[in-house]
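Same chain, two partners: subunit A is paired with subunit B first, then with subunit C.
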Partner chain A sequence: MSKLLASEWERLWKRKVTWLMFAAIPIMVYAAAKYCLHQNNNLSPDLPQFTVAGNFPVLGLAEMLMTAFNFVVLVIAAMIVTEEYRSGQLRMVLIRAHSFQQIIIAKYIVLAGFIFLYLVAYFISCYGMGYALFSNPETYPQFHYQDHVTLGEGFIYNLKFYGLAFLTLVAMSSVVFFIAIVSHTTTTTLGIGIGFLLISFLYPNIIQLFQQFLNNEVVIKLFFTSIPMIQWEGLTLMLAKSSSLYGWMLLVLSCYILLFHLLIILVTRRKSDIFI
Partner chain B sequence: MRSILLSEYERAFKRKKTSIGILVYCFLLTLECVFLYLTGGISFYDANHSVQLNSINTASFFLRELGLFINFILIPMFVVDSFNGEYSSGALRLVLIRPQKRVSLFLAKWIVQASLILALTVFTWLIATIFGQMIMPYVSETNFLNTESMNIFEGLIYSIKFYGLSYVIFLCVIGLSSFMSIVMPNPIMAYMGTVACLIGGVYISGQFIYFVIVSDSVFEVLGNANQYGFYSSLLFLFVISHIMSIGIWNRKQWMG
Partner chain C sequence: MKNIVELQAVSKKVRGKYLVRDVSIQVEKGAICGLLGPNGAGKTTIIRMLTGLIRPTSGDIFINEQSVVTNRASALKNVGAIVESPIFFPYMTGRENLKNLVRLHDTIPKLEENAKVAEVLQISGLEARADEKVRTYSLGMKQRLGIAQALLGDPALLILDEPANGLDPMGMRELRELILTLKNKYDKTILLSSHLLDEIQKMCNQIVIIREGELIWSGELDDEQNLEEVFIELMSK
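Moving on to the complex of A and B:
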């Protein structure tokens, strides 16, 4: 298994697109910084939305996470699963004594490793860009916190935030992996994947229209059944001092992971003899 | 040219995803009807202006949500498969064996994609108009964003203009997507490039928001605001993307 992992890892980094995505990190961070600087003009410094060097890693990620990061996951999955599988490149790997299921698991672990590295790189670039472009007060306000936090506390908070972001991306990649395995062409994978994202953006907003029929708590809980919504607003709520939704969102994310892993196992079991 | 077109149509519909994509679109169209009915006929010109739907104005609001599906899923999927998928999988070689002009192959592909989207746009307009007339509360006059009040006939003209302008936006997306398909080496990059352009455009200039939310900008333009920027940016994109596509397509190293 470890040799399989190494080979998958190697093949991921053989691709230009992978390097291109890493090269895009500074551009993404810069775009986020531009946006935050623009927002700062209309905000007073004692709001948590006001960007300073300490909270830029969180504010700079919030918007990118649900668009660019999900998209990166989708593209990588389309490349390493659909393309390799449907174009027949995978046969070379299947010559060795590994089942299709093992290969898919190896690919999944490789993708998770890639996401982890990607987030680490983004985190570091954010701190760099934050100190270069934003003011750096000793303490600053934090979302859903009573008191200001110091830079050290803020650093811990940012680490937790990135950890949870990693968890949402892992959940997202379970969904995307399933789509990538069942699709026959890469364009189908990307089409269905983007469709899943669009629906996840839209239905929480539609649910809010029915607020009068349902009670408030149900609406909020339904709102946070969508991965992009957890990424957008949920993460700061999860990290609030007293959070009632922490358990709920963890439950939703683990349900996504479990459900789609189950589906992946079912599908790959059926498909394991396709090459013979 | 006629036989190239026929073969192109045939190949487009041989791909299952073309018919499945259209079926899904029809399903979403029905869903949109149910959705507008359930919300009690309230929709939005943009984030700040809500509006009560009635028998005349309903038709134009269908593209608010459906435009997203067309711009981000249907067009990239169809165009990338036609312009890039066939080339990178090698299926196009069988077509290239015949002594056809490269540019007529491009035109055939373009016409097929444009006509598919045109059919969907017209179909949507038809269903939306019928839905509006039958289901939504009857009025004899209504007005749209920043327009004078209109009777049934003028409202119909307005909605035709609305769908026409939206179609021009769709054509620009087809142009962008075909350009991406021609310069990128594989379908994934082509799809990625198209979506990156559509979303990245908004960061470059707020003008390009019409790729993300089709209806808002069209309502604005038909209400006599921001016309210059809208028309010039669309025309510019349309012309540039097609000239570059055809230029590169003709000079492309097809074999080996």
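Moving on to the complex of A and C:
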């Protein structure tokens, strides 16, 4: 399995697209910084939404996570699963005594490794850009915290935020991997993947329209059954000092991972006996 | 002589239709066996089953006495193959493709991987173009690269599915010489499928003919026998 992983990892980094995605990180961070600087003009420094060097890694990731990061996961899955599988390239690996399931597991681990590195690179870039473009107070307000946090406390908070962001992207990968396996072309994978993201953006907002008819807690819980919504607003709630929703969102993410892994196992088992 | 390949009453049924029915074949060690049949006869299905890409509906397949059905990993350690057209990762060079694939062989130590890649490039005659991207290769070069990757694990058996497909006469001749070298110099057993009768007659010392998924003839030809005549006679029955 380790040799299979090494082979998959090497192939991922031989692609220009992979390097282009990494090269896009400073551009993404700069775009997020420009947006935050613009927002700062209309905000009081007492608000947690006001961007400073210490909280820029979180504020600079929030919107990018549910858009650009999810899209990166989708593109990588389309490349390493759908393209290699449907073009017949995987036959070269399959005839070397590796099963389709083993290959898919290796690809999943490789994608998780890529996401981890991507987040680390984004985190470091955000700190660099944050200190270059924003003020650097010794303490600053934090979302859902009563007291200001120090730079050290803020750093730990940021690490936890990125850890949870990684978990949401792993959940997203599970969904996207399933789509990539069952799709016949990369265009289909991208299309269904974008469709899944759009539905995940839309239905929580539609549910909010029924807020007056439903119990508020039910509405909030339904709202946070969507991965992009967890990425957008849920992560700060999960990290609140007294969060009642931490368990719920963790359960939702676990359900996505388990359900789609189960579906992947079922599909790959069936595919071991049909034409490849 | 010992059989390296043995298909025992193998059938493959998909959506109620038999693609291969009750086929039994033995290939002797050191032979070049030609699997012959018209398009849609079931040659590629047999090769897919031999290489473990699909499972037979019934029957069993043995390579070096290891069952592909129940002991796929061990059986395939003795096999190098091109199934259908040789498809590689186009964004990598020929050498990079081979380096990537050689890693998947447990039997080759990491320190020897580069030497192994150089060796198979030399055997397949691709050294001069090894560092060019595969997307720039002609079909003949891709076939050679296909054979090079099949040789990576130093397999006793090479399975080549329609290796001469799309090649010009010069390319076919070069491929024939390469296949004969692999048998004579490197002691490989080769099972190749084709619908090109002339090529099969020039290369193979054992012939298996398939029609509509069923084995209709298996054996060796005398020097005086013409494969084309035998084939046409069998097909018209």
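Here, the second predicted complex is superposed on the first by the 274 of 276 C-alpha atoms of A that agree within 3 Å, B and C clash if a C-alpha of one lies under 4 Å from a C-alpha of the other, contacts with A are read in each partner's own complex, and residues count from 1 in each chain.
By our rule, contacts are C-beta pairs under 8 Å (C-beta built on N, C-alpha and C of every residue); 3 or more make two chains touch, one makes a residue touch a chain.
All values derive from a computational prediction rather than experimental measurement.
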item: Room on subunit A for both subunit B and subunit C (clash or fit); value: fit
item: Partner chain in contact with A:91 - subunit B first, subunit C second, else both or neither; value: second
item: Partner with the higher number of touched subunit A residues, subunit C or subunit B; value: C
item: First, second, both or neither for A:136, with subunit B first and subunit C second; value: neither
item: Subunit B versus subunit C as contact partner of A:211, first or second or both or neither; value: neither
item: First (subunit B), second (subunit C), both or neither touched by A:244; value: neither
item: Partner chain(s) touched by A:190 [first = subunit B, second = subunit C, both, neither]; value: first
item: Touched partner set for A:150, first subunit B, second subunit C, both or neither; value: neither
item: Touching partner for A:3 - first (subunit B), second (subunit C), both, neither; value: second
item: After superposition on chain A, the shortest CA separation from subunit B to subunit C (Å); value: 8
item: Set intersection of subunit A contacts, subunit C complex versus subunit B complex; value: none
item: In the complex with subunit A, residue positions of subunit B that touch it; value: 16-17, 21, 35, 39, 65, 68-69, 72-73, 76-77, 80-81, 85, 186-189, 191-192, 195, 199, 203
item: Touch list for subunit A against partner subunit C, complex; value: 3-4, 6-7, 10-11, 14-16, 84, 87-89, 91-99, 272-276
item: Residues of subunit A touching subunit B in the complex; value: 17, 31, 67, 71, 75, 78-79, 83, 184-188, 190-191, 194-195, 198, 202, 206, 209
item: Of all residues in subunit C, those that touch subunit A in their complex; value: 14, 48, 51-55, 72-74, 76-77, 79, 81, 83-85, 87-89, 91-92, 96, 100-101, 103-106, 149, 153
